[in-house]
Amino acid sequence: MFAIAITLLIIEIGVPHVGEFGSLFEELVHLWPSYLGYAISFLVIGTVWANHHNRFRLISRSDHILLFVNVLFLMCVAFIPFPTALLSEYIRDEAHRTTAVAVYSGTLAVTAVFFTLLWLYAAGNYRLVDRSVDPSLLRAMTRRYVLGTLCYILAFVLAFVSPAASLALIVVLALIFVLPEPEGSRNIRRRSVGG
Amino acid sequence: MFAIAITLLIIEIGVPHVGEFGSLFEELVHLWPSYLGYAISFLVIGTVWANHHNRFRLISRSDHILLFVNVLFLMCVAFIPFPTALLSEYIRDEAHRTTAVAVYSGTLAVTAVFFTLLWLYAAGNYRLVDRSVDPSLLRAMTRRYVLGTLCYILAFVLAFVSPAASLALIVVLALIFVLPEPEGSRNIRRRSVGG
Amino acid sequence: MFAIAITLLIIEIGVPHVGEFGSLFEELVHLWPSYLGYAISFLVIGTVWANHHNRFRLISRSDHILLFVNVLFLMCVAFIPFPTALLSEYIRDEAHRTTAVAVYSGTLAVTAVFFTLLWLYAAGNYRLVDRSVDPSLLRAMTRRYVLGTLCYILAFVLAFVSPAASLALIVVLALIFVLPEPEGSRNIRRRSVGG
Amino acid sequence: MFAIAITLLIIEIGVPHVGEFGSLFEELVHLWPSYLGYAISFLVIGTVWANHHNRFRLISRSDHILLFVNVLFLMCVAFIPFPTALLSEYIRDEAHRTTAVAVYSGTLAVTAVFFTLLWLYAAGNYRLVDRSVDPSLLRAMTRRYVLGTLCYILAFVLAFVSPAASLALIVVLALIFVLPEPEGSRNIRRRSVGG
């Protein structure tokens, strides 16, 4: 589903129409918000995908609450192409820029909230996580996701002050989440491969 | 295929176009039927997906009748984005609301009928289900799907009396099908994991 | 890829626009060629998918010719949504019906030709098929695909005489290919499951 | 993700609209750049897919740099439907042909650069490749990708001189990459199957 949402992003960029005397090159340059939106959302969905995949390797059981929150989370991820298109359409338009960036960062914030709830529910008291997992790893992951969510909420608030700063924060967040995870997480995996 | 149909739902929501003096925020609020349609169909396809997946774990054999009914069932599932878009377009329009909701609930009713036929064919006389499956579990599942189908047909009929009540019933049904399944079903799975 | 092509078919059906005094129901009925096109192409891609899947279970080796013909075959399958949309648009239009049906049946004929070439290349002299496969099964499959291809070519020719007859033949072909395969094919599979 | 990008290509071809007295056949013939764009991009994505799949079978470890370059590479692949649509729209239009072909070949060149960086990083000093892999195979692969990338860059430069020559080179490149790989690569695989 992540693969589909990430690939659908390109459909939202329409081919520009230009007459004989216009410049296709200028029209394509003019479309830069679409490329920017595509790149940011691709990066965001990509990192969300990797985090979802890695955390579900730690979650060894499942129950209906987990499944339900997961459905709400996936509903947010699959929704991302819409605010991305909105962002691309209105980022150049001073009158509507704030609204577009707020909707975009707001969607990411809600997505982050559901992901963090998913993790807090699964990891709290080792509810759905194997007892053998190092508690310091769980704490590190919890810290990572709670902090990340707060930053996405900050990006939403920033949208009303400075849309550019809000987008910059979102890009920085995506790049941080691409960085190596805390040590413990990799040890776990090495062990699971070695065992 | 479920993953693709569920992700395609977002494509049907177009970015609103608003002039310099319009309010993008109001236009986005005005699009609420699109978000509602997206959320309901996402929930419906999600629960149908889970039920299809879980029931096919009980079905251990396959024949051409099963495959053919399954194709018709999948044809209905992949069709859902169309009545969803119809619902979103006309739910605010008093003159066409009844038709849109009837087509939407009717599509879900037909989908439910094919799913129930699939199950009745496979489970009847243990035709394609393993002998080791508890008969009371089969009966519980049959009851669940026959009742569910009757409710979807009721939602279709309700559409002509009160479109809002019809949609409310559909949401309630989706939420009920997210709830835990009858006990036996989980026992089976625990055993299959333990064995 | 089959799953994606089959699910994309629904995107080609646009929601009808109707004013306050029009009838949405009539507009939806008027769209019947779209539903017909959707159903036929869904059935066709579905049966092609099953045949491709089943034959590749017999093919135990691979080489670059097989891969290349397979790419051309998949290129045809992924193309099917386009002639389907064409068919839906022009089937009611007497002036253009013949062209639309000819393009549609022609696409299916070319697809069938590539599939049959794939099979003839792989099965000829047991080139890429395991020696343990019953020769009478290979012959039955070859007969099935050569005959099927001839029928699709016939459907293409029929389009110029009677578009309706051409479409009817295509539906009949899809239904025939859903029917049980020759005995040997199922024996093979039972053995491979039993062994 | 490759499967989705390759199947989405068909969505970019719109059904032509023609009045009662126009010729649908002529309109369809007139769409030849769309078919050409579809076929070339299908071939290109198909061969990129196969190469990506085969090289990742040699890469036995992973790190964050590899993952990050891979995300950038996939971002380029998922972008290809856009310049393909651009190419189809403007290839007949003398005023804009050069721009369209330059954007198309430029996208492929950037995609090739990221793929080659991916390979050079993984294969250099056996960083992420198993020690048991024959060094001459690694060298052959490196030669293949560096040369291929230079050819794609040449196609980009050629676009400004002769768009037709640029496209011809791209088609030739796709066909070359479909051809058998150097001997060693197949030995490796035979061994991995035999072991």
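Letters A, B, C and D mark the chains as written, and numbering starts fresh at 1 in each.
We adopt the following convention: contacts are C-beta pairs under 8 Å (C-beta built on N, C-alpha and C of every residue); 3 or more make two chains touch, one makes a residue touch a chain.
Bear in mind the structure is a predicted one, so any value in this text is a computation, not a measurement.
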item	value
Same-site or different-site touching of chain C by its copy chain D, using the half cut	different
Averaged-CA centre spacing for the pair chain D and chain B, given as whole angstrom	39
Euclidean distance of C-alpha centroids - chain A vs chain B, Å	27
Residues of chain B engaged with two or more neighbouring chains	4, 8, 11
Topology of the chain contact graph, where touching chains are joined (line, ring, star, complete, other)	ring
Contacting residues of chain C [partner chain D, same complex]	1, 4-5, 8, 11-12, 64, 67-68, 71, 74-75, 78-79, 81-82, 85-86, 89-90, 93, 95-96, 99-100, 103
For the chain B and chain A complex, residues of the former touching the latter	3-4, 6-11, 13, 15, 18, 20-21, 24-25, 28, 38-39, 42-43, 46, 50, 178-180
